[in-house]
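In what comes next, chain A is part of two complexes: it sits with chain B in the first one and with chain C in the second one.
On to the complex of A and B.
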């Protein structure tokens, strides 16, 4: 009886320490600049100002790039960086939604959420060391193959690089405590302690990502340096460069979508391999939730992408045009295929999932219309503006643009298409949620009419904005519709979900959901989602880095290595494909390892028998 | 195992489809190699050739037509740029220092915000900041003669007399001098004189006092120590002397052969 209060006190003390550590971690994340002496108001900042002038960026010649055993240094660094990023995105994203799921479980006292959150984190834990190993390999590759660039970057970012290394200890400690302490820190106050550790883990992980993002965005949009590359302002200026926050936001959201898709693939595989109905039901539920997470993050991702692209234009119109109108423009047609794949597979999974409830039969007739609209929107997005034509083809076509399809190639048409695609995906989700319920509120009919009016008005507004700005205004204002279109879509998604939750408050369940009652082919939609996400991340990673063209640091440090040319898109796609296959092989290995702990071999006769 | 193989095959087929589409479904455009700075023989260049050079830069490396085109509408068209220069200079919004058309056009490339044509400024700046980069720096990085050539082209484009002058040799040679490596020094004395070592050290007839006396340094220090003292002067400060006085970039300024020559020379200084 006396041990209980002692343990409780100890836990309370531990919680206080943990909270203090959270504040420290968050503080480091938010004000690391000041601690490191970056802030303009600190005494250390004065020291920086008084310090001797920084050296300009080196200008290495073609002979200053070491060659090792004839390997292509660009491809080695490219693959190392991409593999590290895939794993890093996964291990950063999983704790974010694990924390949320754990909190939901705690709030609802539904242990299923807790178990699922634990299984999610279990999947990611083995990937953590692989992330670190790949990070080390990337660092060594960069030092070996691009010593001048790394020397220059380290000269500017040495403080943040040092804090980055320190933050690893914080993140590792939190992760191991969070994972290994899961069953120990259960119930009551202990659960709060566990959640706090999870919060610390996420704060540390996000800070790590933001620090690394500062280095790569400095290479794209250098700040705080003069035209020769010598640091003139504080390090904070170099970190807080023009593209830092847009990349931070885009990566944060994309990581969650990617992490959800990988966990979804894991659940799909476990579903297909399951030997009992109970196991199938469990992994079906897990796959559904993983898909929900991936799609929830996928929906706002195009908006974050537009924000990033707009900021690239704002920073350098030339870079923006290289991105969207120059040699990389065709890459966005490949991207359209990928994103179309993502939306179609996610929707297909939802439609298949409606079979879990007999009540869904009421909605089956609408699925074909949803499919037609989503495919139509995908085809608009997929339509290129200009075509590479022979003279004969040009004559036959009557110009570089197709008479009817040409107008669909411009951005207003694509903006409209993607917004419609997002809206109809959210409609699929609403339908899925209604599948097994009947509304009982007296105003259900009026509520449904309001929902229909909301979607109709929203779609009309999207079409009006896209057509008016796209075809009846000056060229300079063609993309002006994108912001009101995004706002329209977001408002409809939020308003319709809020309205739906009121309409279905206290709803009657007409047919229960039978978890596990879903065709196997739906699981392949989850694999498609994961593979397409991985490949897409690789492709967009290439374009983000590729728009620097022949510059290590744009406008400041030229890349004079033999590989300082932009490859064809086919070549880039082949490297991305190779990376995806390597990543998939490593992920399979990681998943296999995560199961290995539970496998026991009965080695009867192997060990020496001991007498009683 | 069957499930595993089915899933792996499905995933590989998906990757294969994306790769095949990227290779065969879209045109494979071979991007231009990184731009190289054109060797300019300005002395032998006629004005027509100078204008033609400007046209090449305008349509090529200068990347001007990315924005200054009817298709994009991102930047004003430049056919009339020379014609409206006087009007722009007289405009109250003009912030530059040019007093003629050539000066205005030149300024618009190196300080584009000096005058922003209405409707073409960065959003939210009220047409006070131009989105155009400085053509002399950054990823375009045109040299002064190249910018002048574009000015000549723009004047010619508008049907005006080309008033910009082909730069003198001095302007032309300046970047070449900066870019060309100097020949190595033939003797240690030459290097010592060039780097003014005697300003701080007692050496080669000089009587500097800020650094140690080097007239007999070879008797006290080994070659490795001397090499390190040149490359990393603050690594080991002789007693009685201040750190951070000697430049620490001789490793970059000296050729390897010069460094070894200096080390040998200093090691040979054994005193009287």
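On to the complex of A and C.
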């Protein structure tokens, strides 16, 4: 047994060397030569000082966009970018919650978490190569079809682009070590090493996303350049442009919600094709956790989205109005419907899940009230500001404005509605958690009363902020009122969950929880969640990019390609739908592939018999 | 005492949907006297149906009970006659619905209009170019610095409004002027929280100065009959009218938080 300590020592040394190497490369990637990578007086600094000044943005004419016969370059780039982004969002998100689940498993010493985390990362590993393939295809498409734009962007972001490419080595190394080393790095110090690799994987992935975000937000809100597009400030200024951080935050949260929904769809797929009760129980549990992850990230997402939209408006009134008041306003109605669909699917899944325990029957009667409030808030949430009216209706109303429904079309009503929807979704979750328990603490009644008071006061505050500040004060207060609304919602969610955990400490179980006892309908709700997320991301991605309108880089480099016009809403929705179908087909292929490794075919008689 | 027979689950679901539909029509069309647009009612009802489905099917027992009559209709041999009748009627209803939708109508098709088109970053009026991203009402500061002067400017704005704008936008600024009924799109109702209260003064300046012909291409078709007021009013007169619009309605122009 002498080999064990030697292996352990070797492993520790190798892990430390790997850690140091990765940290060094991550550090280089994070800082980049364009930020602080070299000091004054060095040869490199001298070379840079001697380099010619940055050139202004090129202004290509219609003939400067190469064409490939029979190919619509915009649609190709559009679909390639969107498909790449969907897969990238998935493979960036999965390691985030896998790391958390693994850490929970490690802290609780509950192996089920470890197995589930492994299964999640297994799904993402096939998606990783698809992400890379689509990324390569996107890059080549951009270089082929938009050479001037790519040349200009590469001129400004050359350093970060180079380190971006290098970072892929780091990410791949971490991912492969993390995945293939999962069973090798088990127990004690090895588990710590494994967790550290997971952390580095997330650091590398997030850095990659932030770098790419800098380039695309530069195209929306260019900074650090003069009016002709020549770099005047530092590259850091161009990266740290007005919309960089709002996009970073929004994408980070949205990726987790999206990733959770996709692994939820995987669990649903496995649940529906399970052949034994044990398998069903496992995938039901997995689906529940995936839904929990998706919903946990979905709850703060509207706030991050509102922050992004407010910053877009603050950067340019023109872009802001195009976004939500102008031509894209109708797509925002579809967006509102899809977001509502996410909430409805998630709630329906929770309500169906209450059937896992016989103790939940006590709470069934409350579901209809939750539904009335959630659907009511949802109707307010998607009521458009500009109504589609027939001429008869126009005459009957005396104008395009509806006295009572019109005010529901503006942001204060939407903010209030979404906060109420979020609160009642969290209430669904609280009810689900209580389903099979009875509180035994002496102050349970007082605790319940406190929770009821908390929710009532919170909702009143939301309504007051929404109605008073939204409709009776000026716009600065209107926008500012969304912050206390968000805080109210977050405080209620956190406080009620903390209180609930105390009320139900040492609670008596009414009936056991039967994992796997959930109708197939609930699994379709998980599928709907994934499809709605995918479509929503595609739609919002188009809008985010589309508000640049006829600009490659807003106000600096005009898009003079034959497809520079804004397509009709129907056309855009069709392209997004096509992308969604392609992505879902690829995802199902990934699901199928992930289980293919375990399939064995007995090819009796095929191979030559060998004598003993 | 006779017990009231239990209403079948499926019928309950249908009744709830009908209740909500009737409720929307009753409340909006009759009680509030503001019709609910058919397009919006369709969207509302779609999600009411979804909600009813969710509530009626989240437990196995309830779902089974709800689909039992449908299942029986399809599978029970004793219900053959009813099944045949239903299977004949449903396609006929669907066909009639499709036929009615495809019938040519004399009414103009629905239009998707954006009330607030996105402004350009700058606009040229006469020989002068205005940067709409930074443009501010030069008289706005008098509101706090010289309230008497501000009141005079508002009064001047009111006089200009009454002489030029009220014919369409109304003397109460509610979009119901004497000519309003003849126009489509109808003139804006400034009292509505969704119009000038959502906009910066520079936006109003652009819309008033350049009128219908100055609307951007992106939002076509534009049929607005708003005149190009820069042909008739001076720059100062337009700013004074804007002061009046906000003062009379009690709205505040869109402003940014002080950074």
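Operating definition for what follows: the second predicted complex is superposed on the first by the 568 of 612 C-alpha atoms of A that agree within 3 Å, B and C clash if a C-alpha of one lies under 4 Å from a C-alpha of the other, contacts with A are read in each partner's own complex, and residues count from 1 in each chain.
Basically, contacts are C-beta pairs under 8 Å (C-beta built on N, C-alpha and C of every residue); 3 or more make two chains touch, one makes a residue touch a chain.
Everything numeric here is computed off the predicted structure, so don't read it as measured data.
Asker: Count the residues of chain A touched by chain B and by chain C, then name the partner with the higher count.
Answerer: C
Asker: In the superposed arrangement, does A:596 touch chain B (first), chain C (second), both or neither?
Answerer: neither
Asker: Considering only touches as defined above, state whether A:382 meets chain B (first), chain C (second), both or neither.
Answerer: After superposing on A, A:382 lies in contact with chain C but is clear of chain B.
Asker: Once the structures are superposed on A, label A:604 by its partner contacts, choosing first (chain B), second (chain C), both or neither.
Answerer: Once the two structures are laid over each other on A, A:604 reaches no partner at all.
Asker: Is A:69 touching anything from chain B or chain C once the two structures are fitted on A? First, second, both or neither.
Answerer: Neither partner.
Asker: Looking at A:368, would you say it contacts chain B, chain C, both, or neither? Reply first, second, both or neither.
Answerer: In the superposition, A:368 contacts chain C only.
Asker: So, A:340: does it touch chain B (first), chain C (second), both, or neither?
Answerer: Second partner only, chain C.
Asker: Name the contact category of A:321: first (chain B only), second (chain C only), both, or neither.
Answerer: A:321 contacts both chain B and chain C.
Asker: Touch check for A:107: first (chain B), second (chain C), both, or neither?
Answerer: Once the two structures are laid over each other on A, A:107 reaches no partner at all.
Asker: Return the residues of chain A at which the contacts from chain B and from chain C coincide.
Answerer: 314, 316-319, 321, 325-327, 330, 337, 388, 474-476, 549, 555, 566, 569.
Asker: State the interface residues of chain A toward chain B in the complex, per the touch definition above.
Answerer: Going by the criterion above, the answer is residues 55, 227, 269, 272-273, 313-314, 316-319, 321, 325-327, 330, 333-334, 337-338, 388, 474-476, 524, 527-528, 531-532, 535, 549-551, 554-555, 558-559, 564-570, 572-574, 576-577, 580-581, 584, 588.
Asker: Help me check something: in the complex, which residues belonging to chain C touch chain A?
Answerer: These residues of chain C touch chain A: 28, 32, 34-40, 43-44, 47-48, 50-51, 54-55, 57-60, 63, 107-108, 110-121, 132-133, 175-176, 180, 184-187, 189, 192-195, 197-198, 200, 202-203, 218-219, 251-258.
Asker: Could you list, by residue number, the parts of chain A that touch chain C in their complex?
Answerer: 314, 316-319, 321-322, 325-327, 329-330, 337, 340, 344, 347-348, 351-352, 354-355, 364, 367-368, 371-372, 374-375, 378-379, 382-394, 396-407, 409-410, 471, 473-476, 479-480, 519, 521, 549, 555, 566, 569
Asker: Which of the residues in chain B come into contact with chain A in the complex?
Answerer: 3-4, 6-8, 10-12, 14-16, 18-19, 21-24, 26-31, 33-35, 63, 66-67, 71-75, 119-120, 122-123, 131-133, 137-141, 249
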